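Paired with subunit B in one complex and with subunit C in the other, subunit A is shared by the two complexes that follow.
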Partner chain A sequence: MNSNIGQFKALLIKEYKEAFRDKRALMVALMMAFMAPIMIMVMSKVVIEKAVDKPPVYIKFTGAEYAPKLMAHLKKENLLDFADIPEKDKAIWDERNIVINIPESYSQDMADGKTIKVHLQADFNDKAVSPPVRRINNAIRDFSLSIGYKRLLLRGVDIRLLNPVKLVEQDTSMPDATFIMISMMMGLYMIMAAFMSGLSVAIDSSAGERERNVLEMLLCQPVSTLKIVLAKLCGASTIAVIGVALVLVLSSISVGFVDLTKIGATFSLGFTKGLTLFLLLLPICFFASACQLFLAFQAKSFKEAQSTVSMVIAIPAFVPFVLMMMDDRPQWLDWVPIAGQSLIMEDVFKGVEVNWLAILATSGVTIAITAGLVAILTQKLKSEKVVMALS
Partner chain B sequence: MKIMWKQLMAASLLAVVNNSWADNQALTVEDCHLGEIRSKVKCGTLQVPENYANNSGDKISVNFAVLPAIDNSEYKAPLMFLAGGPGQAAVELATSLNRVFREIRKTRDIILVDQRGTGQSSALECDLEDEEDVYRVLPEDLNIEDVKSCVSQFKGDVSQFNTENAIRDFDAIRVALGHEKINIYGGSYGTRAGLVYLRMFPESLESAVLDSVGPIEVPIGMFGQSGARSFNLLLDNCKNSESCHKVFPNLAEEFQAVKARLAKEPITLDIQHPRLGTPTQFVLDDTKFTGNLRFQLYGVEGRSMVPLVIHQAYLGNYQPLIGLIARTEGEQLVYTGLLFNIVCNEDIPKVSAKMREIDAANDFDGAASHLAWELICPLFPQYRPSEDFYQPVTASVPTLILSGDLDPVTPPSNGDFPAKTLSNSKHIIVKNASHTVAMSTCASNIIGEFLTSKDPKSLDESCLEDVPEETFMTSVNGVE
Partner chain C sequence: MIEVNNLHKSFKDKKNTVKALDGLSFTAKDGEITGILGPNGAGKTTCLRTLYGLLSADEGFATIDGIKVTEEPLKARARLGIFPDKFGLYERLTAYEQIDYFASIHGLTGDNKKQAIEQVIKDLELEELAHRKMVGFSQGQRMKVTLAQALVHQPKNFVLDEPTRGLDVMSTRILRKHLAKFKEKGHCILFSSHVMQEVAALCDRVIIVANGKLAAQGTPQELCELAGETQLEEAFVKLIGSDEGVAA
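Showing the complex of A and B:
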């Protein structure tokens, strides 16, 4: 028994030495983990800005002098006159060329209670123009309504009559539900990290070693094939686990720099939540490495291994997206590796009570498949065909 | 004798049970949807003694809501809102408070408590036979018998529905929710409540904001002078505005003319009911006219229409006034039972004949604002707070005091009282705002800054200078 563990330990140390020897390759492998927090931060900032901030819009007015109150209202909404534009923005807004024409008869028509037609000209196909156009629409509608309400009020009408039906939205999600985009991205990144970080190590220790003739030598030693496979699996998975942990820690730190309260959201990953996510992803790390080892051994050359395994990476990236698009998810999805974990992660982020049974179930299935892959691999490595890449 | 024994037994039994279960059984909190707020919030109730001097006596249930902080990763002491009136139910104001305090809610819970006697906290209400038709009824038409029968329908010991007990309730909720300290924002009568809170439980308060102050030293209810001051500011502002003065050059004279005309003889008009569209009558006398104008003076939007309304009334067109009345027709703004219970017992007894006389000597609505108290107060059961209640409040809790210069009920001079007696306070007067400054201006952001810094004297008040001067509508179609 002792010698068993001793052997395994020696094999594992060998795998670690191989994996950690090339520091630069390792850093590239963990790139995913380092990039995640930056991506999450930048994307959130962009989304929030689009959702809340009202950047200044510069409009070329004609007839502004006829409607001082309207101009004041637009100014309050940060819809400004092109004449006041700072020099550095001039070129952009000159090109966007948003024009509003206020008719000369504005004040007379207002006094007469006639509908005033204000014209808005812009290239409506230009994507950069559509947010300003939407804001101009809203601002003018609000302005128009507020005058309309007062006109009726001053004629003795109960202005509440103008709102016969009012829809009140009641959101049933948990009060501390997190900003969906960050949860989604973080979940995706973590699964990706599990697959990507260990990738190069897995290929190198299988197809790579075969090409360097190390594998042959290893298999000639008086150790069981299972141990060799397990050692390789552990080596690759360790890197994957480090990748997942890095994504988890770094992104929860970086999210602190984004003011999510601006859009009425918050994101906090407490210790328990973080630990739950980590435990949930642990089997995925092993599963990912097992898949990669399996495919890499299956390949005839290092190059082929690289391309096949890289293609498989698309799966973890794809699954969460597909899940998001699906409205009615079949029950069996809860059990499938990656899909099951994605669904549970969604719950963790939402702050919903975590179903530990589901975690156990999906982890069990994942581990079982991993074990199956290991067993098949062990069997296969006993055949020279696979070792020499003959078949 | 036998029966009394039994009651005694039951009472002592209840007391024991209450003492041992107080913390678990008295408080309930659950997720709920409130008003028009989109996200879920918390609603709760706390059982408190009706009479705090008799813990084993009857219990009443106090209703409250918590708008949870959006980002609660870092604990910050919550903000409790003390409603005005007296008689406004804080929980019913959740929708607008959620908007006003959205910056503060990003990091702090907002706690709203229905003061005992309002909302879902044993409201002092009664079923009145027929709904009042605001268009037809004159203020003087009040039916004494209706009020009497209404008062007789109140449940419980009404004398316990006083300010000091309300504060005990508020502090009990603070304790029950597990907060060592809270911040308070009081608006209007809420400032009176806030001052009493500062006196009774200063150690519970991290800071206080008093917006549009009703100080202990000034009895609530004498609104003649303050109303006239606010109205005269409006007349001045109209005169100084080129467009307003051009269209309404004789506004002050026209107002007096309409008032005199209506005082001589009320008018009766056949109109379409503004909401129902059915034929009804509109009756107007001078008290109703000035009363409705006074109501518009509370906010800049209402104020913007006052010159036009006066001018049109002068020309014989009362439709603008009817439209203004329609804005709040049929809505319960305050729980009048609690309003009169508190004002009639805590304030009006402190008003001397001399004070009445001075207050009535104004050219806006004379003694009209006293009418309700004179008619109704004698019909309410009596209680009297102790003399200590009327002593100026001293405390060293950081306090921000806000006043709107245009305010028709709590003029800036009111804010000077607590500014003098509270050692760590600052009084900010906002020139172009009316009643409850934080509800309509950027003062809500200054409050947010104050809650963090706790230093009332070094706040960035610059945004208040950008509050625009009041503007007025000059035509029924809204010119320009």
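Showing the complex of A and C:
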């Protein structure tokens, strides 16, 4: 028993030594982690800009000179005069042909307190025109109301009397979609980190060792193939675990710097959430390394191993996308590795109470499949085919 | 003691079948150095791989100190020190670490292990290389490390597949001295080589393998007499070339 443990310890220490001395493999593992904050920053920036951005609208004004204050107000809302349009946008806005007519009597009517009719002409059926028209509408209404309120205030009327009922609108569609996007990307990134980080170590310790002729020597030694496989699995998945842990830590730090409240989404990655995610991803790390070892041991050369294993990486990347497309998710998806985890991750990001039973179930299935892969691999290493492929 | 008994092994693929071993039998006794000679493709490596338990024979069996390799491969391998045909090093480890690794696999621990490693490093004159990473080692240096890792647990039986290729004269002499010393202590040594002088100088008994069968066996002297030649090389060529009267 003691010598068994000693043997395994020696195998494991050797795997660690090789893994940590392989600077290239470590670079890959850490690269995923260090890219995480950058990815989060860039992604959020893009998303926020898209959500809150008001692109310029160019309007053909007539009689702009009669209403300088109105013009200033519109300009503040990024509703600009067609006269100032840059050359490249000219054709588009000329075609959209949004026209506002301000009457000559504008300032006089304003002074007299009469209603001023400002005419807006555009093709209201044109889809491209309707968002600018809506914005113009709002801008002019705001302007008009603010003047109206001031008039009332001057006459000693509380403007709140004008609004006995106020509708508070909260647009849930936009932030929610954005939020799902962000959480999906984060989940995807974390699963990818689990797969990417241990990748080169897994290939190097299997197909690499075979190519360097050290595997044959090891197989001739009085050590069970199960121990060999387990040591290699531990070696590769340790790197994967380190990679995932770094991604989580760096993400939670960088999320703090991003202000998602601008788009109405709150996104935090605190200690508990981080820990839950880590526990969730832990079996994935082992599963990923087992898959990689499994494929790499079967490959005929280091190069072949690299290409097959890289292809397999595409699978975890696909799963969350497919899940998002599916409206009606069958129950069994909760159990499948990667799919189950990414569904739970969605809940974690949403801040919904996490179903620990589901975590246990999907982790259990993932670990069981991993164990199955290890068992098959243990048998395979005993078979002649693998030995024959050595020479 | 290593015994090989009526080994048969063929490799099949879709098109053709190669018969690598065709009823090979021999015995390598304790306290003797037994040499395996054979032309390329004679089945030497297949035979040795069967001995390590990497391949399973279609027929026949191999035993190491009476332990059947197919039945208890781990127990049998524990009694073997192997210097394989193709060997590699863990290039990111130092020589010391590699020897340590194999010593641990063979169940050595603590002070015993340390002593054994230091002894083998001293014996093979590896002191200067011991704490260097093995990337960039010359062929001879690699051979020495591989030898050290095969010898570190002082196995009862050695199997060496062409151990002197790439070694310089000094190292070859060290190896020979070592093998002679182990022989004296009663270890069983089985080694394959293509260098006739070496086989003639070192081996107590020679086994000549051709076409997966035993072509002849005996002391180098006996083989020469059998073939009617004075040089082992000539005898070897004659014995594998025509097996009249000697294949029995």
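Please note the rule applied: the second predicted complex is superposed on the first by the 265 of 391 C-alpha atoms of A that agree within 3 Å, B and C clash if a C-alpha of one lies under 4 Å from a C-alpha of the other, contacts with A are read in each partner's own complex, and residues count from 1 in each chain.
The rule we apply is simple: a contact is a pair of C-beta atoms (placed from the backbone, for glycine too) under 8 Å apart; a residue touches a chain by one contact, two chains touch by 3 or more.
Just so it is clear, the model here is predicted, and its values are computed rather than measured.
> According to the stated criteria, A:Val223 is in contact with first (subunit B), second (subunit C), both, or neither; which is it?
It touches subunit C, and subunit B stays clear.
> By the touch definition at the top of the document, which applies to A:Lys273: first (subunit B), second (subunit C), both, or neither?
After superposing on A, A:Lys273 lies clear of both subunit B and subunit C.
> Looking at the overlay, what does A:Lys380 touch: subunit B (first), subunit C (second), both, or neither?
After superposing on A, A:Lys380 lies clear of both subunit B and subunit C.
> Which partner does A:Leu152 reach: the first (subunit B), the second (subunit C), both, or neither?
A:Leu152 sits against subunit B, while subunit C stays out of touch.
> Counting residues of subunit A touched by each partner, does subunit B or subunit C come out ahead?
Touching more residues of subunit A than the other partner does is B.
> Tell me the contact category for A:Leu161 with respect to subunit B and subunit C: first, second, both or neither.
A:Leu161 contacts subunit B only, not subunit C.
> Quick check on the superposed pair: does A:Ser107 touch subunit B, subunit C, both, or neither? Answer first, second, both or neither.
So A:Ser107 only meets subunit B here.
> Can you list the subunit C residues touching subunit A in their complex?
11, 45, 49, 52-56, 73-78, 80, 82, 84, 86-93, 97, 100-102, 104-107, 109, 146
> Under the definition above, what is the set of subunit A residues touching subunit C in their complex?
It is residues 3, 6-7, 9-11, 14, 17-18, 21-22, 209, 212-214, 216-217, 219-224, 384, 387-388, 390-391 of subunit A that touch subunit C.
> Which of the residues in subunit A end up touching subunit B in this complex?
Within the complex, subunit A contacts subunit B at residues 67-69, 107, 110-113, 147, 150-161, 168-176, 260-261, 264-266, 268.
> Taking the touch rule as given, give the residues of subunit B at its contact with subunit A in the complex, in rising order.
That would be residues 31, 33, 36, 38-42, 68, 70-73, 106-107, 271-272, 274-275, 305, 308-309, 312, 318-320, 322-324, 326-327, 329, 473, 475-480 of subunit B.
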